[in-house]
């Protein structure tokens, strides 16, 4: 049994439509210590990391999934004759606001973006990238939005806490500022208190 | 019939401000309010001249800017002993920074290996669920509408000063007409330069109609608009699926 | 390029819904002699033949396909039986109402939950956990729902009588009758009974 653990896990992950969590695997394979499963998974990841593989194993959306390597995307798109589905900049912006701030109401999103977002929110709901995650305890009980499991899957995120952290974001900002500062006028340090804008989205994963 | 263009591709006043800040290469913590306000109002004017449905938020921001400007112009009032007097720009800066964070976050997100664009999972032949959206690839539209308006502003500038009457009504028929003629051009050419679509000698109204037609085509996702590094904006027909970046093993024909 | 042929082919076969023929592969990968593709395929088959793999590559129906090895079928069947999709709380609630009170109409379910259930019912129908078990002899002849064989399978129930204890069932049955009577014919005796909806119903842990 033990000897077959790795291939068994491989087979299971392969057939599963959705990323397969460790819990799920453990439930399927009875009487096997989690530690062993974890080890087998680790080995499997390594096997897939070998140079001449077209696939890799990744932890996304709370589970394990086999995916094709990015460099082969052009041929795969050709196989499927895929047309690109555009996501607009505004939509992407709203998506990232929702991702970092969920659960969040439309009014709150709009106050950050300074512009009406009804259409964009609708689009994101249709694409199943966000969902109504509850209702705010406020007049009118407005819907609060959160990201979906599909969002994690599409963006290759293990969970919400794998979103780029605040620190990374700050570094990015600095880079951009530095670029701009080529001009001169050093910024005084009136960085307002609200430093931690994209907080690591509170663990709403449902 | 007046033709009002409602654009959900607009990114809003904060985006416009960030765009201007970047374009002018000024420090976000020390915004030269007069310059930025002036340019901001110019943009609004261009949008309005085309009957673009300038959302109330844009106008609100305009008045906020003017208010800040006037406050800055006032001599520091008797409160000389208060060096920590709040900068009237502070609230705006805070909002801009916050918004910029998410813009950056969005850019980071789209850079990831996206399922359906860069990586693919196995397609199940038989099981439930059926087709999923992710069967499509996801691309981001690169060009900000601000840049398009910016380019259009340049074109307007080049026009003779004669008809400065900005009030101008556009009827739907003419826009539809122009949409068709642009599509016609694109059915023959793979792409066309943005500025080549505007005939400098054409009446101002005609030029505005052309721009509205382009916006409408973009909104309907019938064209793709790209800007090369040297600033040239090109339009492509969207349905002729050529993958955007050259590195593809691309289709012969 | 040549060096990447094998992983590219692997990626293509992996994502393809149907067995991928040599012709198809050759058409997708331009400018590569068939002979090379054939060799890469052969190597790939050998790679997959290694002992510790859970998958193998086979030529079926005129093309190449990756499949799971037969010895792992029992676990895979289990994976699918357990239902890969998570079931939402509302769905679980409706499901248990249907389980205990079948056959039951949507209006009746909604009167118990006090909230619209159309979407949830649709989902459950799609998941094949409930089915239309008949039509009520009432205006509009509304559909009456019942649970399916899959429901029993998924929840590991021998039959409907294995639902949580008999005593509870009996009480429930009475409640059902009372409630149905209250709704249909008898005007006003007891609209109560919405308190003892079984909570321990079908322990899905997903």
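Per-chain residue numbering starts at 1, and chain names A, B and C are given in the order in which the chains are listed.
Heads up, the rule we're going with is that a contact is a pair of C-beta atoms (placed from the backbone, for glycine too) under 8 Å apart; a residue touches a chain by one contact, two chains touch by 3 or more.
Computed from a prediction, not measured in an experiment: that's the story for all the values here.
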Specify the chain most distant from chain C by Cα centroid. B
If I average the Cα coordinates per chain and compare with the overall Cα mean, which chain comes out closest? A
Distance from chain C to chain A - Cα centre to Cα centre, in angstrom: 25
In angstrom, rounded to a whole number, how far apart do the mean CA points of chain A and chain B lie? 27
Round to the nearest whole Å and give the separation of the Cα centres of chain B and chain C. 44
What residues in chain A touch two or more of the other chains? 14, 17, 66, 68-69, 75-76, 78, 80
Overlap residues in chain B, where contacts from two or more other chains coincide: 120-122, 124, 127-129, 249
Counting only contacts in the complex, chain C reaches chain A at residues 3-4, 6-12, 14-16, 24, 28-29, 52-55, 66, 68-69, 71-72, 75-76, 78-80, 82, 84-85, 205
Where on chain B is chain A touching in the complex? 8-15, 22, 25-30, 55, 57, 61, 87, 90, 93-95, 97-106, 108-110, 112-122, 124, 127-129, 132-141, 144, 221, 241, 243-244, 247-249, 251
Okay, in this complex, where on chain B does chain C touch? 120-125, 127-129, 249, 252
What part of chain C is in contact with chain B in the complex they form? 11, 14-18, 29-30, 80, 84-85, 126-127
For chain A, which residues count as touching chain B in their complex? 14, 17, 60, 65-70, 73-78, 80, 82-90, 92-93, 95-97, 99-100, 112-116, 119-120, 127-128, 150, 153-157, 163-164, 168-169, 172-173, 176-177, 180-183, 185-188, 190-192, 194, 197-198
